[in-house]
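As structure tokens, here come the structures.
One chain, chain A, links the two complexes that follow: it is found with chain B in the first and with chain C in the second.
And now, the complex of A and B:
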């Protein structure tokens, strides 16, 4: 899984002052940079699979001695005997024509396989992101307001527990308690239809969220404690503003900036964690597909899914930068004001 | 397992008296279910569901567990693992290189179209054509031609006599496709589900997730007991256990034997185990130092604590291997008690003994030991643990051994490419029960090359000659004698170091029973073999 570089959107935007149009230019420029970036990533992944030991043909022909003539045909069919650069060139020319190729294992178009699997991963990631940001920010805020109390410590301990136990361990624990003991949730499968799917994905989404939530709790808590100690809060209190007004109108908004900055990392972390959770909860998602493809050296599928993941990481970071300017308009006009 | 006389009888008869076999075939047909025993639906878990259901491109046990309910071969394995009639109501060995299969009348595919000899011929030829890239091509290496000699008869001509080919029409390599479907490149995908003549038809297939099967009313054989079967993928071992505990699944195959005690602790669950006929072994490259030295090979053979491994890893469900072949795999030619008696006469017997191991190493060209790294696949439930035990023992006698954990693909590719073989671990499960199968794969010099299973590069002209006899002569007595000779030489030369014969286990809800569970659950229509309400 690719890690996301910390967002640098604010500096990029302050380079070009001038309000709304600068945002459009900025987005266009970032999108233009995406293409060579994706090319580099796809080349890197292709090279890594090529260097790694193992052979797609032998996984295709099973853990058995195979007939040499058959092996030769399979190797020729997937261009496995071509030089590395020729193989990459063939793949790239296909991709430019909008074709991700045919998977070696499933003998199906990679695009249809990805389309089948995408739904589960998207819903799972959306549900966990909502949980992480919703519950994480709430718990962080509560901890900040009750800073130093037992509640604060309990929340921080919960966060640390969550981040310390891998998602697949939390997953098994949740499965046992809520699936086997309480019978509240199903123990495997993705479900069919929107409601059934949401019901099936609740436990996986929780398992995934718990492992990432600590980051949001800690960042929100720290930012909020800092904001609460600022002069404007004391001043607002002195003016007799209600706590609710102070919290929602000033403190929350100001303390969200670092959370939004980290959101890119968090979303990418969730998608990366989905790989483990999908296997634990027997969900046929993109993560499980990628793992399986890597184990079987199914190059077209590996390339297809990594391309998708990379594009996703780039787009999430772009979205984060845009949201950043919405939360704090000063950033867009930074240079003008200074 | 009830093997022995019956299976022997069938095999001998199959080679000589077609008429007799046809009677036995009809007689051994699974008893039909009573109407009141119908079960509406069951959910069965598998560790994975393949990406395609086209066996030539997805030859795995899990594909077999699904497709053996949908497709059938001309022959089938009985509960005693012997051959019995299926799509062919009789077969005849005309001469050592010609076999005729007479097809049963009135058999239909899932779409209602009739089965013809052309379908069988097209299936066999598909595997034989290199262009198809069939994973099962090697099962047809001994075949010269396949012809439809009559509308209901298929004739196979072999290049040379080959006893092992008799089994090909019974396992996944023989499952018959509809001729027209084989021409469709999308066969096996959800868009083109393979048709078969079996008791069930495919209704729904979501790759890697689940398969839904529905019983056919127009099946030629006994009426299926279960109307609908859902097969679900649950890859995580613990999640599968929890699903069984919750009652979300009615059963599953392929339990890791090391987990069996947890499964047995479940209240409403029965665990059934049978010898898997599989084997774990070490190969030692005879063609290069240090394992070209017989004393080094013997030192390694004495350093494997087989009994300890069976207790620790398999909870006693399995056996310490004294030779390559598990005794039950001999059943076509020799009863397993006679096999055990024969194995007991093999000398030396290489029982775990570090003093002997040290003494052997002292006699070798490497009295001070050497360095060796052994790759073990992390996908296998026992391989890494076995190697950790073996390397610890080897260190005690002075061989500085190290385990290198790799993924399954790397482990297997490096083995099959015969590149820097050294010492390797291999796990092998059979496709049919014939005692010449493993020795041909692991001991014949023809397989001591890239692409072959003989990872020891063991070459011995006498062994090759005896293997030819065992593969060409249908007489069980002559085969037994030839194979005994092979095993004597292999044991003396340490052709391989056998480790374990693990059991194979399944779990089933106590509401149900499955009396026909065997080592070949992936090659037989399991839900038709004594599945029902308890």
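And now, the complex of A and C:
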């Protein structure tokens, strides 16, 4: 319920049927929505300095000695003496040039701290996304084919548990069962080297995947039950096509469209879930960095990671919408009713 | 006008829903009675005892500060239930007002409200909650407020589409013809008709708010340190996973049980009354 929604429906073009030109118009329209959105998000992120309780200069200084000279340097560095909107403009132009400011811990550039932590989060997210799509679509399809049976009911119940169990709760159960009781997987840390890292990230990836997977199962199952009841399936069966052919050539492709539409939900689920999972399993990723920065009131680092996470979510949504129109000609020709 | 036999089977509540309702009732009793039914004080520290596994005296063992885990879990039902109730009620108070106006009036009001909803939808909600609560501070009640605002956007969309379904129906035309005021049509005629949908989603929102609030407490951003709260217990007891795993597993089970029960009840209400 929380999070980004597929915006395809509302922005689907209704222009005259046409090939490339309407696609260009569509992409331009999506961009026209995305750029203001990114600006509004960046404004919110910038405003965090001023929302934080206390004087912005001392928030930006953190625990460092706040003698008048240092305060003056910080005021100049962040243009705190300028009018509010001018400050935002200057900050934004620095951000666009890749300067996210200096962390209050150890005087490091926020960008280099983020670069150190990015790897773990990327691998974790990729592993979970693979699990979410692979297992989610598979279980959804199985449930739809065996609709009404015990297996279907078991998968549906698994979905309810998945939605109800947040990543950090699932993570604790996985830690206990596979780490403490069975000793199959390491309990903490990211591991070294590619294989060892994948080994260390297996439990976190499953914990992260479960709740998002539940959404994919639900959508795939509903879409596939609907698709299977359509006339073209009956007709294909009547013509004697094999079940496998009907499934892979027709039903699967058509039922994946709603899953693509839910890409926004999936991305938000993975990004927010990664924060919880990294804290649960003590992984040095971007999510754990964000929480650590919040606890130490390190505003520049919070701004950096928040901006990165939300820009990523917005841009993935944009990319999905564009790919979606390329894949499904009905949208390009404006014939999809939302 | 269906045959009595059919309405009989339709009215029967499935056993799963009864169990779910029973679980929720038990949680509510824990939340109301709290320390009265807890076997021990949820706050009493025994630093000399420290973390111990389950024993006859402490059925679920003790935590790092020697506090009785079972009593803390029972007492923790309070923060687990009160916040989500406020979030769900607050979100739907905002959503009902905006959704009714947007769906019934249409035009500029509708466009303005829908642009706001679209904007909220484009934000990564859980991340916004973490960062805003983390930076602004204020813990539990800030979290409740932020979640209520975030949840109100998707809820507005739900109320609006329910209103749009009602608008072309003859009873609205009839009410208009009778000269009944717009406010009265909205709140006296349309609202009762969409109430079942709202009720189903309030229950689903509750489950989602419970999970989110527990999550913020787990990150150390929700309730005050030391408060018996299921999410906070998962945060504080992480270091005793080996010595007393029950201190983590019990609150985790409570979160899942309550959320699963509310999700099942919400889904059932939706299927039964809102379809």
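Here is the rule we use: the second predicted complex is superposed on the first by the 251 of 338 C-alpha atoms of A that agree within 3 Å, B and C clash if a C-alpha of one lies under 4 Å from a C-alpha of the other, contacts with A are read in each partner's own complex, and residues count from 1 in each chain.
One rule holds for everything that comes next: a contact is a pair of C-beta atoms (placed from the backbone, for glycine too) under 8 Å apart; a residue touches a chain by one contact, two chains touch by 3 or more.
Nothing here was measured: the structure is a model prediction, and the numbers come from that model.
Of the two partner chains, chain C is the only one touched by A:161; chain B is not. In the superposition on chain A, contact is made by A:40 with chain C only, not with chain B.
When the two structures are aligned on the shared chain, A:289 is found in touch with chain B, with no touch to chain C.
Looking at the shared chain after the overlay, A:172 reaches both chain B and chain C. Judged by the touch definition given at the top, the superposed model places A:58 against chain B, while chain C stays out of reach. Of the two partner chains, chain B is the only one touched by A:108; chain C is not. When the two complexes are overlaid on their common chain A, residue A:180 makes contact with chain B and with chain C alike. In the superposition on chain A, A:279 makes contact with both chain B and chain C.
With the contact threshold set out at the top, residues 52-53, 168, 172, 175-176, 180, 187, 279-280, 295 of chain A are in contact with chain B in one structure and with chain C in the other.
The touching residues of chain A, counted against chain C in their complex, run 1-5, 7, 10, 37, 40-41, 48, 51-53, 160-161, 163-166, 168-169, 172-173, 175-176, 180, 187, 268, 271-272, 275-276, 279-280, 290-291, 294-295, 299, 302, 306, 309-310, 313-314, 317. On the chain B side of its complex with chain A, the touching residues are 45, 50-52, 54, 57-60, 130-135, 137-138, 141, 185-186, 188-189, 206-210, 232-236, 238-239, 242-243, 245-246, 248, 379, 406-410, 412-414, 416-417, 441, 447, 451-453. Of all residues in chain C, only 118-119, 121-127, 130-132, 134-137, 150-151, 154, 204-205, 207-208, 211-212, 214-215, 218-221, 234, 238, 241-242, 245, 248-249, 252, 255-256, 259-260, 262-264, 267 touch chain A in the complex they form. Considering their complex, residues 52-55, 58-74, 77, 103, 105-108, 113, 116-117, 168, 172, 175-176, 179-180, 183, 186-190, 279-282, 284, 288-289, 292, 295-297 of chain A touch chain B.
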